[in-house]
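Dropping the structures in below, format is structure tokens.
Two complexes follow with chain A in common, the first pairing it with chain B and the second with chain C.
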Partner chain A sequence: MQKIFNLACGSFYALGAYVGVSAVAAFTAAGGPPWLFVVPLAVAGLCVGVVGVVVERGLLRFVYGRDETFQLLLTFALVLMLEDVIRIVWGTSPRSTAGLYLAYGQVRLLGATVPVYNLIVIAASLAIALAIGWLLTRTAFGRIMRATADNREMAEALGVDMGRVYVRVFTLGTALGTLGGALVIPATAAMSEMGIELIVEAFAVVVIGGLGSMRGAFVGALVVGILRAVAISVLPEIEMLLIYLIVIGVLVLRPHGLFGAVPA
Partner chain B sequence: MTTTRRRFLTVMGGATLTAGTRLATVPAFAQAAGPVKIGVLAIRAGIAAPVGAAGLRGTEWWAERTNKAGGILGRQLQLVVEEESNPKDTVERYRKLVLQDKVEVVIGGISTGVTLALGPVAEDLATPWLSWDGTTQKGVEETMPSPKWAFKSVDNEVEAIVAGMLTPKYFKGIKTVAGIGNDYSYGHDCWETYQAVLRRYIPDVKFVLELFPKLGVTDFTSHIASIQQSKADLLMCSFWSGDATIIMKQAAAVGLFKQMKGVFTTAGGVHDSLKKEFTPEGLLLGYNTMYFADPKGSPLLKQFVGDYKTKYNEYPPYECDHAYFNAESYKQAVEKAARGGKQWPDKAAVVKALEGIEVESLSGKRSWREDHVQMCNFYQGITTHKNGYDFVTIDPIEVVSTKQAMKPAGSKLMDWIKGWKV
Partner chain C sequence: MTRLLGPGLALAAILLVPLAAPPYQTLLMLPFMAYAVILLGLNLLFGYTGLLSFGHALFIGIGAYTGAVLTSRFGLRSLEAILLVSAALGALVAAPVAALCVRYVKIYFGMLTLAFGMVFYTFVLKFYRLTGGDEGMPFLRPLLLGRDLSAMPKTEYLVGPYYYYCVAVLVIATVCMWRIVHSPFGLCLRTIRDNPLKAEALGISVPRYRWCAFVISAVYAAVGGTLLGPPTGNVDPTLAYWTHSGNIVFMTLLGGFTHFFGPLLGAFVFIYLQDFVMSVVPYWRLIFGALLAAIVIFAPGGLMGLIGPRRRERAELVSRA
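Moving on to the complex of A and B:
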């Protein structure tokens, strides 16, 4: 919607992961029961999303009208700076939440052992996707967002305060990133460079799904995730090859992605 | 290069001289009392940043101690630290250290790609370079066959060789093995070498699956599912950074090591993140060249571990020992080359003195082989929860020397393994 290519989204994810680790550590140290750990984790993940306000008001708003190259350079600088900030605050070693991953136990599903926490994250992702869908299609703010995405000048001419819309949308996006980082942390470990890995994958998801489409992002993420899992099981050598073949296929045959809007 | 041309651009570390008082016209004798500049290359960013930090911390601890004890030949030490990043930029910084900062020696270098590029430059600039890490067999054979100024790390494959030797001892009846490692030279070389060694001990062993995810991947659930499907008796994993912690956690979540045995050749590099909650007992775990909790460790090791824990609230990994050894061997080589005098020896004499020198390092005695390769011990063992930490340690501890587990000078790795009498 903001027509900005934000490389720093992966860094927000990493930031959420680190803050999540610290929040859970503080919660456990204060004697909080292990089964409740997901609450401070999610709250911390959401709260750190306010960094979006600082980034949008302090940096991005100055480059909206500029060439995409400036935007890429600026957000890439942010990636490097946030990586250093993480290293200064949390050190260089990987950080994790010890044994909380299995706090909710495991279940047998179709012959496989699955940690219940994974199911909670899947459920949370679906809930977030539905909530965003509702926000976009059923609320006044959602209509303003869609109108702005379609035609920025027209929306502004009709009295939409673009600055306020942008800061809200960007903060919402940032909070989703930081929440994602926090929620994934019990199953993995936080590493300062984890954001970069995510950007590459997110790029494939967005190209397949279509730039600027929520439904596209959802479907693109499922396509990439399932393809990777299948490739690793069947022919591990082609894991990345397969995804980028599909990316190339989409770019050639359907340049706007599966659900991206074709410009008039 | 003579000391009369030395310029003091920055004064760091333990240097206590008054800046600006010792310039070009000062006699050589007075120059010798100035600080010795030691160039250090350390990775500061990316996935190997913790390894770089450990090497730098080991070097700083050594420098502080040495300065307190009077320095080298009465001269205080001054570390000039530069970042190791990509090969091109690191080569530039290496040149700066030697040509502009006028360091006497450069220590450090971790990444294989970078150290292979540094080798020829070190030879050109005729200044000793002692590498911490990062020199795989193939690369060394091709680009640094017989270096004069470069001193190379232990062969990367040694931990895979040691693990291959210990696998049949601790895990009887292994018939099928799956492997996972990072998708670059280290991961592939370790897997290839581990297979070659294990075949010597268990000729009918079958390698049923190999997976090479990229460095930096943080989700291994699909890989673990694939490993489970392979129904191997054992999983060999050469991860050395945060991914070792992650795969351990995700494997525990699906009970992988209830189903098969596990060999982690290098995960001791992130040992204090291998928490007991998700790291089972009974895995073979490698600590590379230093085991921080060695009950037979020297007073030097115990003091280092104590100081490290106090300062950084972590327990030191092996790279500290590579770094300490490099620096300490340089000091002792300078003293040896000075033959009891106070005159600072030239660089060629120091290199000569380094060849074959044996010094006391954190992990015990370590030496430089005549062909400029580090010699030391490797520590691996079976994970246990019986300790006072919240992470696993090893018991029993197996100590294997590079005399036994590293190919001798001049031989080819695979030919050497094939020639073993098992």
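Moving on to the complex of A and C:
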């Protein structure tokens, strides 16, 4: 949207995951009932999104006028910093929310056993996707956002305050990243490397779907998720290789992704 | 002659390091020289052609793994032969990759190179039998100019013959690159960077020149990658990981991409500063990340941009980039 390729989005995801773990731990220690643990998790995830404001105001806004490669490098600087911040605060050993993953029990669905928590996350991500779609297409803010992405100068000339739009968009993106990190954590464990590993996958998702296309990102995520699951069971050796080859194929054949608009 | 003074003094200092400095400091010079070769190539692409690659670790990995496979699987121990094979393989892999990548510029170019780099990384990681997976592969001590030095203690070998071998490779690489960027070919690359449309109008085939620059820089990265192997005696997949690509871009920017010798200075400062910071606190990434952010925002010309002459001219160059 913002025409920023944010290498640090994986790091925000990791940050959300760690804060989520800590929040749940504090919640359980304070005697909160286990069946409510998803509430502090989601709240923590959203709250960490505030770092988006700091990053945007403190760093990114200085380089909007310059070549995009400088923005890329700035987000790489963030990757380095956040990785160590996580190490300083939470240490190097993986953290997890022990035992809460199955707090909601399991159900049998189409012959497979599925933890209820997975269904909650799926429902939540669908709801978020719909909310974002509504925000982008049905609200004034969404229209301004799309106009800015299309033609920054024109939007500015029409009286849109770029600084405010950028800080909101960036914070929204960050909050979604941290929320995603927090929501995934009961199913796995938080590791300091998860950020730099995720970024390549997230990048695959976005490229396959098309940059700047929300529908595309959703489809891209489905494609990557399903392909990985299939490849793991069929040909485990080429699992990630397959994803990258598809990314390259998409970039070469359809550089704007499956759903991206081709700029004139 | 005056413009040769700085590099000449630097070369003299490099030659004297093993005699004057303790072995530990001398050993740190070895990765510096390997990275110096890599960065000469990277900067042909970034500083001179205006294309930022986030996947050059791919070619570093090719160079390092070529050396490891040749020494430990095929018994080919001559470093000259290994360097030639590395350079050839680097060019061979770069040719199709470059052909696809140079169709794009700016962020798309960076993303595509990153994707190719990660393809190679996962290949190295997953094809355990060929590459040793995440444990890596041993890089046996190579013969230098046909002389077998395997009886020598390791440190003595590295600070002695191997050190001067690296200096020789670095000097050859520097002279070649100097000739390249000051040739008509180099001028064409700069024209393409500053104004691709005008270059096209002047009859320069923009994709072909970009392709050439990419392949040359890949060859440099492969040669430098090979030189990284012997000091540690082992190569592993992190050499090909995308953050490694980021680090070498960091070095280039730290030294100053608008200057021929800037990246070399950047590699030197990066390696010694990293060593120093790590000896004080383990969190070098936090400090280096802040440093990188500061450079990007306040001094995009890097260290050379701060200390070098003709500052205003370079500032203009940066603002145009």
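Note that in this section the second predicted complex is superposed on the first by the 264 of 264 C-alpha atoms of A that agree within 3 Å, B and C clash if a C-alpha of one lies under 4 Å from a C-alpha of the other, contacts with A are read in each partner's own complex, and residues count from 1 in each chain.
Here, a residue touches a chain if its C-beta (ideal position, glycine included) is under 8 Å from a C-beta of that chain, and two chains touch if they have at least 3 such contacts.
As the structure is a prediction and not an experimental result, all values here were calculated from the model.
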Report clash or fit for the pair chain B and chain C bound to chain A in the combined superposed model. clash
Who does A:Val54 touch here: chain B (first), chain C (second), both, or neither? neither
Let me test your reading of the model: by the given contact rule, A:Leu78 touches which partner, first (chain B), second (chain C), both or neither? second
Just chain B (first), just chain C (second), both, or neither: which does A:Val207 touch? second
Which superposed partner A:Ala229 touches (first chain B, second chain C, both, neither): first
Check whether A:Arg87 is in contact with chain B, with chain C, with both or with neither, and answer first, second, both or neither. both
Return first, second, both or neither, reflecting whether A:Ala187 touches chain B, chain C, both chains, or no partner chain. first
Show me the chain A residues, by the header's touch rule, that chain B contacts in one structure and chain C contacts in the other. 83-84, 87, 196, 239-240
With touch defined as at the start, can you tell me which chain B residues reach chain A in the complex? 45-47, 49-50, 52-53, 210-214, 216-219, 221-223, 225-226, 228-229, 241-242, 245-246, 249-250, 252-255, 270, 272-273, 275-278, 312, 314, 390
Which positions of chain C touch chain A when the two form their complex? 52, 54, 100, 103-104, 106-108, 110-112, 114-116, 118-119, 122-123, 126-127, 242-243, 246, 249-250, 253, 282-286, 288-293, 296-297, 300, 319, 321
Of all residues in chain A, which touch chain C in the complex? 5, 7, 59, 62-63, 66-70, 72-74, 76-85, 87-88, 196, 200, 203-204, 207, 237-241, 244-245, 247-248, 251-252, 255
Residues of chain A touching chain B in their complex? 83-84, 87, 91-96, 98-99, 101-102, 106, 112-115, 118, 184, 187-189, 191-194, 196-197, 228-229, 232-233, 236, 239-240
